[in-house]
Structure formats: structure tokens, C-alpha cells
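Both complexes shown next keep subunit A, but they swap its partner, so subunit B is in the first and subunit C is in the second.
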Partner chain A sequence: MKSKRYVKDKLTQLLISLVSLVGLIILVAVFFYVFSNGSSLLSWNLITGDYNSNVFNGYYSTEITTNDFAAPSSLSDEEYFSTRWGISFMDDEDTEGHHIIMITYVDIDSPLANIPDKNDETATISISSGQKLMTVRFSDNTMLLPSNGAEKANQLFDTKTSIADIMVSTSGKGIRGSLITTLYLVIMTLVIALPIGVFTAIYLHEFAPKKNKFVNVLRRLIEMLTGVPSIIFGLLGAAVFIPIVSSLTGADTGNLISGSLTLAVIILPVIISSTEETLKTIPDEYRQASLALGANRNQTTFKIILKSAIPGILSAVLLSVGRIIGESAALIYAIGTSIKDEIIITERSTSLAVHIWSVMSGEVPNFELACAISIIILIVVLVLNLSVKFIVRKIAY
Partner chain B sequence: MEKVFTIKKLNLKYGEKTALLDINMDIPKNEITALIGPSGCGKSTLLRTLNRMNDLIENCHVKGDIKYEGNDIFSKDFDVIDLRTNVGMVFQKPNPFPMSIFDNVAYGPRCQGVKDKKILQETVIQALKNAALYDEVRDRLKESAKELSGGQQQRLCIARAIAMRPDVILMDEPTSALDPIATAKIEDLILELKQKYTIVIVTHNMQQAARISDNTAFLLMGELIEYDKTDKIFSNPAKAKTEEYITGRFG
Partner chain C sequence: MGLTVTTKKIKQRNKIVDKITQIALLMPTILAASFVLLIIIFISERGVAPFLESQYGDLSVDLIRFLLGNEWYISPNVYGVFFIIINTLYVVFLSAVIAIPISILTALFIAKMTSKTISNFFQIVIELLAAIPSIVFGVFGLGVITNVVKKIAALFQMQTAGGISTLTTIFVLAIMIMPTITLLSITAIKAVRKDLEQNSLALGATKMQTLFKITLVDAKSGIFAGIILGVGRSLGEATAVSMVAGNAGTGPNFNLFGTTRTLTSTMLLGIKETTGLDYDIRFSVGIILVVLIIVINLLLNFAKKKIGRFS
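Entry: the complex of A and B
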């Protein structure tokens, strides 16, 4: 008998280990996929760069025949330096995998640092490092295209004497705007939802009469809201919050405020229920001891209850932040999908999650870029996680 | 003899259930009064009425009359916060707040609006000294109170009550969760505190009542059966029920 039970016990244990192993493998595989696909695109330029690229179009008609510029000492093996124009090139790929020629250095005395604008007689443009070379037509009508590569570009620049037409663009496709939007959303949403959620929970648990029908209905309703798909809240945002925000601020489309309000409604039930769960775990002895010491109810609530609840509230915040960062469906309605570089809270912009969605919903889904953005999201979540853990450790006794 | 509390015709019900029935008793100043009786007889309930902690229980109804220093504690213009600052309470289970030792003791004064760091510092140290805890914790006032042993935690709770400079300290089985050594320390402390404070202590431990109290009240099913000098109760009780209880024949 005993051995049969033993075998059964071991089998159950084995089964549980296998199941958790499968879970672990899936998780690791997802991370591995994301990292292996996205890490090649991950760069400081991607994170801090503009999404929209600006194209500059200029010319330089004065003839140059000397090769006087000295290569900078920092020049790497992959860069090609034109001693005639004082400019260096490098082969690269953009976030969509197309071959490009990057400008990696422009001498301050280079003629290209300040050339006339082709589209505006009175203006000048400046060619600088970080831009990419699009097309060049030299005075003898020789054409240079990105597909020619950096070495060929250098060769042409070193031999040609003047430029009839040069087109460069800032690199673009960066995600800075979406990253900032995401951080704005996190902060604004929490600023709206956290006080409301925490105080609602405190009211429900500490002040509301215990066996009140209305309170119970309210609590049931809040629990129900946790399960509502977020796209429905997105409709609410579009139908209610956008008009309200518009009439108050003059915004005429979806905007960051309406987005934050929508997200606040989404995370409110989460914050209320998990704060209330935390309040339930705070021993009644604390309340009694506080009141017996002549503290009034508000003092008891704020100095003892709220303080003891902070770790629980912070983990609710973490859950919510995860939800805010990951939310895309609701935001498509509530703030729109246009990717922006200048973030204004009464205008449209896009969070990282929606950015991924738009990258993936183009004609050619860009897996690499989606993965690179995912890595950034993972890093943001990780950093937030660790800092909350750190705060909890600092304040909790 | 001066009386701190005068209790007249006190009746208390939890919903329909009677927990205290026609209690009449006086609690003399600067003495230790013990409440004894089998569990469920209403000792804690009686104790909690003295600082009106029963107010927190939703279906608790009190009738009758309690005077604290001559003032009716149930009257409309009586300040319950005032009562609780004068009548401190120590609970059965040590219940320090999840904060530092210092903040625990400073909590009461701070709630009364004391902000001056120096005054707080002095109050806390004096209270810890009076609770015979200072020497053990002087180097770690900033550490969590939860790190203390059970006995130390209970003495911290006493210090926390003392910091309010109360006149009365109510104690509800303060040693029942402690080991014998910690219990002995608390008993010594209670005897020490008698100099300055009136103490009402609930205990189910009859030796404890005999050792430390001046007066003993014996309750049974919500009724006050006998209330007298402790010596008298334990050597020559007037009622048969009391004798049966203290000789251990029931309870």
C-alpha cells in the first residue's frame, strides 16, 4: 500500500515539474526570439531618434580640386573619408533592412557643412553626421545612389569637382516619440487612477457600512469591470473622453489626455480590488491599537492602514503599469495611431505597443523592428519592477 | 478611597445576546484590579467598555452608567478621544505597529499633535524606561518593532500606552501569549507601574491575579458574582461559585 502511494506521489510531482518546465521553455523561447530578432536593430539612434525623416536638398557649384582635408583620428575601418570634401561615409541598413550610406563625419571647414538650399534661394542647409545620403548628382551628371555603397561614394567624392544636386535625409524611424508617449501615459494614468482607486478601496473597506447593499453592488460592479475587454473601454474613450477633453482644451482629435483617462478607467478596478485585498490583510489589531491610543479614524487610516498597505498598493501599481504599457486596442481609438516626434498632450501620438502594431500592420510586417521595440518595452518594465521592489524594501518594516 | 471608575447598572448586548448584566462596581485609584472568570464570561467586554472600544462593534448596545473621574462617559458631550488618551489599553496579543520602535512609542503623542523632536525624544525614552525596555533597545530605536521578541513587543505596547501619560491602563490578558520568563517580567513591571497608574487587568490565570492584584472581580456569564479585596477572594470567598472557580472545579 505504502509503495503504491509513494509511486503516485512521485508521478504527480514529475507531472507538475514537466508542466512547469513546458511553461518555462515557452517563456525562454519567446524571450530568445524577441532578443535574437530585435537586438541587431537596437541602437541609441533607434531609441532617441525621430520617427519622421527630414529630407534636405542642396548643391555646391564652386569647383574644388584640392584634396586637403585630413581624416579624423577617430575614423574606423568601415568608414571611408573623402579628403576633397572632408566627409566620411559608412555602409549601413535602416530599420526596414534597406541598404543605406550613412554620413558619419563632416569636417567643420567642409564646404558641405553649409550649402545653398535647392528649394529656397535664401536658405542654406547643413550636411552633418547621422544623416543618410540619398542621391547625389555631380556636375558631370554622374549619379550616386545608396545601392552604390560607401566605398564607391568616397571614390566619386574624391574625384568630382562640384555637386549639382545632393539629397540627404535625417535617419528617421526612431521611436523616441512613442517612448515618451508611453512614459507620459504611465505617469498621467497613474496620477488620475491611483488616488481615486486607493481612496475608493479605503472607503469600501474602512468607512463604508459593512452589510450595505449599495456597497456590495458597487464592489460586485468593480469586480466585473476587471474582466471587460479593453477595446470596449477604447470605445468609451472615443465616445466620452475625446469630446470632453476637446471641449475643455480645444483638442480636435484623440489625444494623450483622453488616452490617459481611458487607461485610468481600465486600471481603476485593478487598483481598487488589489488595494482592498491588501487592506484585508492588515490585522484589525493595528486599527484597535491606534484607536485605543486616542487616534481618530483619519489618523488611523492614513498613518497606520495606508502606510501598511503601501507595498500592496505598489504591486497594484506595477500590475497597472504593465497593463498601460501593453495596452493597444483601447488606445487606437482613444489617442489614435499616428506616430509623432513632438509630443503634445492635447494631440495625437502613439505608445510603444501601438507603434509595434503599426509596424506590424504595414504592407511588409517588420518583425525585427517590432522585436527591437519589444526589447525596449521589456527593459522599461524591468526597470520599473526593480525600482518598485527597491522602494518597497526601503519603506517596509 | 478615591475611585477612578464608578460603574452602575451596566448592561451590554451584542445584538440579542446579553454579555454583561447589571454590573455595579467601583475601580479604586492607583490599585490593581483583576477581572477573572471562565472564558466567555464578559471580562474583555467589561474592560473594553471602560475606554469605549466597544463603540467599534456595530451591533453592540450599552445601557447603564459609567463615570470616569465623575464624568459620564456615555454622555453626548463627553470626548471619547480624551477618554482614550487618559485610559490606555494593552491587548492580549502584542500588536506593535509595523514601524520602528521609536515611531511606535511616539505614535500616540504625535496623533495628539506633538511635533517638537526634543519633547518626543524625551517622552519616548521615558516611556521605554518606565516599561523596563529601554536598556534592551537603546541602540536600535530606529529598527523595526517586529524584530523584538514577544515579551519585548508586549512591553513596547505598554510603553506605547505610557507615552500618552494616561491615568489608567487597561490590560486584556497581557501575558497569555508569552512564555513564563517574559510573563514574570511583565508582572514585575505591572507592580512597578501601580505607583503611578490605576491598572485594570483581565486574566484567566488565577495565580497571576492573586500575585499582583489588590482587588479581584469574579464574573460568570455576564454577571459580577463577587468583587472584593484579592486576599479575601482567594482566602475566604463569600460565594460558593467563586470558591468553586478559584479552586479549579470549573472553568
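Entry: the complex of A and C
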């Protein structure tokens, strides 16, 4: 009888332990999926590159007949090196699956490293690795197209003596614009929300009359903000903040300011409640001691209490930054989804999270890019959360 | 004599300074509290507009057909939201059914059944899960869970639209609310009085009997609060759901392998212009969403009180 009960007990324990592995499995699966799909794309070029590709159009009329350039030792088997022009090509596919010819290496002394611009006689353009070869017309009117492949391209470059017209494009699909937008949003949102949040918490905890009906109503209204889903905040941004900002700055669409205002409302409850929790932990003796020394409540609050509350405010800031970086639904309404390279605060642009939304909601979802950006977001958010845990522990002991 | 006068003066000045500070600090507080009202006023204003002839003339939407209709968008002005509400409730309910037992058992494990180190480790795992943004779960859902659902569908010899289905949405939501429910359950379970459990053990009950019949029963109010929070979160969850729901045009759809459409996915997908009927109608859906969240919250809180009474 007893042993049966014992077995049943142990089985239940085993079952619970197994079930509690689900969370761990999901976390590992998310990380594994995101890292295995995104890490190959994650590079300095991705982070610093433009999203829109630029097209360069140039020519080189001086005749070259010697094949003097030596192939670099780093050349792989798939690359074709032209000894005449000091440039190497490789076959590749773009994100839409079209065949392209990538330029993988350009010798520093190569004539192509600095050629006149076709559209602007005074300017020069430089062909460099990482660019796509679009079309080339040699002086004898032989055409080279991406569909010809890298091997054919190399043959032509090694035999032709001058170039009447060459078009290359930068690869694009970089996330620099979204990265900068995210930083802007973080800074602007905190600048707006932090003073409002901290002052509100100070008022509610230090100055508000106790058991006052009006104060209670204010408190309830602020608490209600926590239960509002982020997409509803997006509607607030679209219906209130975009028109306000438009009338003040002349912006005609969603913009970074309206986005920051929306995000500020989203993080306000976090900042208020976290600051107030910290204010509660500060012993009353501090206040009494300060008041007894002749300081007024104003001095007591801003010189004594606020200083002790800094760790709590800091952890609220870190949590808020995580929330801002991860927020997508609200920003889709409050700013929009068009990815930009030039960031102007009165115009549209995407944060990293909305950048993912943009590349995933197109006709052909770009999983690689989405995962690469997800890696950045995940790392930042996790570091922030772990540091908050660390700070909270510091406060506790 | 002079001293008292100065003290009086200082006291008076301090009083004035404090009063000014108090009033100055009241301003941001009122501002912070006003946002909820701004949300209610302005979203109502925009959301009601599509039904007004004064705003849209002949194009104005028929309110009855909007509330009871089962087709989302027939050109130019027929929008039906009834099946979307049903789909939303269906998806949220099933995701809660999956997430609640997993969350409670995980919370039991973390709070009561393991060493401090392992418990801390699992607590961090759950907290990190809670911190992962919705968009990342969306990518994960579209990249991984769709494939899992495709395999499940193949087992039943069913077809899915590339894995995008009601079941995928349910799984994604369950994953997203699991950490919320777990974390609140842990707090509730840890708050159970030690002597209750010790009494049970002393009376000869096994550890598991004690956990299920004493600890969980005593913690149920707190656990229920976690469930309310989780359900609220899944009702309002937008980005990840929109990526895997498929946005079906008609319904309601109870087939797990068919596509679905939730209130949030309706609001988020297919925004083309930021003016006009097709944009404003999203605010109407927003009103429905807010009302739904409030109603379900009230119902669950009512249920929580009932459960709390019979312990």
C-alpha cells in the first residue's frame, strides 16, 4: 500500500520535472533557430550598410593590354580573377533568387578602383568588393550581363581593352538606418517619459495627500495603462500624436517624434511603478532626519530620497529600453513600416523590430535577415534583463 | 526674539516651497493619468466615424452587419467582425488550455521541488522567455512552428496553408503567455504558509498530495491572477499572431488546420493608406478589442472571487 503510493508520488514528480523542461526547450529552440539562420548574414556590412542599393555608372577609356595583376592568395575556387583589370568575380544569388555576379576583390592599383562617373564629369566612382555587377559594355560593344556568369565575365575582362560603360550597384539590405532609428527612439522616448514617470511617482508617494479621492482616481487611471495592449497604444499614436506633431512640425506622415511619444506612454507605467516601489523601500528615518535638520520636503525629496532611488530608476530605464527595442505593433501605427537610410526625426523610418516586420510581411519573407536582426534584439534584451536582475539583487542586499 | 522670527519665516517659506512643488508635481501626474482617457476618447471618435453618414456618406458601414457579419470586407463597405471575435476567443481559449497546466506545473517545480541552484536557473529561463519580444516569436512561429504544424497535419492527413493555421496561432500564443502565468504562479505558490504544508505532511500525506491538495489550493487566487494577466496578454497580442494567423476572409473557423483571423491581425495586416474607410475601420476593431478585453477581465475577476470564496 505504502509502496504504491510512493511510486505514484515519484511518477508525479517525474512528470512535473519533464513538463517544466518545456520552457527551457522553447528558449533553446528560439535561440538555436534564430542563431543558426541569422548568424551567417550578421556582419559588419549588414550593420553599417544601406538598405537601398545605390547604382554607380562609370567608364574607362584608356586602353589596357597587359595582364599584370597577380591574384590575391585569399582567392577561393569559386572566384574568377581577371589579371588584366585586377578584379575578381563570383556567382551568387540575391535574396529574390536571381542570378548575380558579385565583385569579391579589387586590387588597390586596379584601374577600376577609381574611374570617371558617367553622370557627373567631375566626379569619380570606385568599384569595390561587395558590389554587384549589373551591366558592362566594352568599347567594341560586347555586352556582359549578370546571366552570363562569373566565368564568362572573367574571360571578357581578360580580353577586352577598355570599357565604354560599367554599372555596379551596392548590395543594399543593410540595417544601419533601422539601427540609428532605434537609438533615436530609445533616447527620445526616455527623455520624454523619464521626467514624467519619476515626477509622477514622487508625487504619488511623497507629496500626494493620503486617502484623497482625486489622487486615487489618478492612480487607478495610471494602473489601467498596464493592461492596454500595445496595438491600442499604436492607435493612440495614429489618432493623437501624429496629428499633434504634424501641426507643430509640418510632418505629413507618422514620424519618429510621434513614435517616441507613443513609446513614452507605453513605458510610463513601468517607470512609475518601479520608481514608486523603490521609494517605498527607502526608510522613513531618512525623511524624518532630513526634515528635522530644517530641510523642507522639496529639499528632502530631491536631495535625499531621489538619490537613494537611483538604482530603482535605473532598472526601470533598462527594462524600458528593452521594451522600446522589442516594440513592433504600436510603431507600425505610430510611425509606419517604410525602411529608410536617411533618418530624419519628422519622417518615417523603422526600428529594428519593425524592420523585421517589413521584411517578413512582404511577398517573399526574408527569414535570414529577420533572424540576423533578431539576434541583435535578443542579445540586447537579454543583457538588459540580466543586468536588471543584477541591480535588483544589489538593492536587496 | 529675533531667532523665533527667522524660524517662523523659514517655516513659512518652506511651506510655500512645498506647496509649489506639490502643485508642480501634480501636473505630470495628471498628464500620465490622462492618457487612458485620451485613448478612450480619440479611438472612439475615429472608430465610430465609419458608421456615420455624416462622415462617409453612402460609404458608411452598416453597424448591425459589422457586429453580426461573418465576412471581412466586401468592396466597397461591408465589414463583418462577428466571426473574428469568435475566432479570437477560440484561439485564446485553446492557448490558455495548453499554457495553464504547463505553467502551473513549471511553477510548482521551480517553487517547491528542486534545489536553489536549479530553481534559480529555471526562474531565469522563464524570465528570459517573458522578455523575448513578440516579433521574435513571430519569426520563430513562421520559421519553426509552421513546420511542426505541417507535420501534425500530415499525421491527420490534413492540409494547411504552408503551416499557417489556427493551431500555429494557438501554439505561438501558448508559448507567449506561459511565462506570464508561470511567474505569477511562482509568487503565489511561494507565498503559501509553510505551516499548512507541514501540517499536511505531518498527517501522513505525501509530498505530491500536499502540493496538489494544500499548496495549489491555497495559491489558487494568485495563480488565477496570473491566468487573467496571461489571457489579457493573448487577447491583445498582435505582431506574432498576425504573422501566423493567415487572415482568413470568412468564418468562424474551428478547424485547427484552417487559417484564422483575430481582432489584432485584422488591425495590423494590410495597412495601405493612413486615411479613409479601410484605415478608420481598424479603430472600430480596436474598440471591439478593448471592450472584449474589459468584459473578459470582469468575467474572470468575478470567477476569481467565486473560486476564492470556496476554499
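Definition applied: the second predicted complex is superposed on the first by the 277 of 397 C-alpha atoms of A that agree within 3 Å, B and C clash if a C-alpha of one lies under 4 Å from a C-alpha of the other, contacts with A are read in each partner's own complex, and residues count from 1 in each chain.
Basically, a residue touches a chain if its C-beta (ideal position, glycine included) is under 8 Å from a C-beta of that chain, and two chains touch if they have at least 3 such contacts.
Since we're looking at a predicted model, the values are computed, not measured.
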Check your understanding: Of the partners subunit B and subunit C, which touch A:S20 in the superposed model: first, second, both, neither?
Key -> second
**Study point:** Dominant toucher of subunit A (residue count), subunit B or subunit C
**Key:** C
Exercise for review: Would you check which partner chain A:P283 touches, where first means subunit B only, second means subunit C only, and both and neither mean what they say?
Suggested key: first
Practice item. Please indicate which partner A:K118 is in contact with in the superposed arrangement: first for subunit B, second for subunit C, both, or neither. Key: neither
Practice item. For A:N296, decide between first (touching subunit B), second (touching subunit C), both and neither. Key: both
Exercise for review: Identify the partner contact of A:L225: answer first if only subunit B is touched, second if only subunit C is, both if each is, neither if none is.
Suggested key: second
Practice item. Considering only touches as defined above, state whether A:K152 meets subunit B (first), subunit C (second), both or neither. Key: neither
Practice item. Could you look at A:S308 and tell me whether it touches subunit B, subunit C, both or neither (first, second, both, neither)? Key: first
Study note, to complete from the structure: subunit A contact set shared between subunit B and subunit C covers 294, 296
Check your understanding: Which of the residues in subunit A end up touching subunit B in this complex?
Key -> 209-210, 283, 285-296, 299, 303-304, 307-308, 396-397
Check your understanding: Which residues of subunit B touch subunit A in their complex?
Key -> 51, 53, 56, 58, 81-82, 84-85, 88-89, 91, 93, 95, 97-100, 107-108, 110-112, 144-146, 157, 160-161, 164
**Study point:** subunit C to subunit A touching residues, read off their complex
**Key:** 10, 13-15, 17-18, 21-22, 25-26, 28-39, 42-43, 45-46, 101-102, 105-106, 108-110, 113-114, 122, 124-129, 131-140, 142-144, 175, 178-179, 182, 206-209, 232-233, 235-239, 243, 264, 267-269, 271, 274, 282-283, 286, 289-290, 293, 297
Check your understanding: For the complex, which residues does subunit A have touching subunit C?
Key -> 5-6, 8-9, 12-13, 15-17, 19-20, 22-24, 26-27, 29-30, 33-34, 37, 195-197, 199-200, 202-204, 207-208, 217-219, 221-222, 224-225, 227-233, 235-236, 238-240, 242, 253-254, 265, 268, 272, 294, 296-298, 301, 322, 325-329, 332-333, 336-337, 353-354, 356-357, 360-361, 365, 367, 370-371, 374, 377-378, 381-382, 384-386, 389
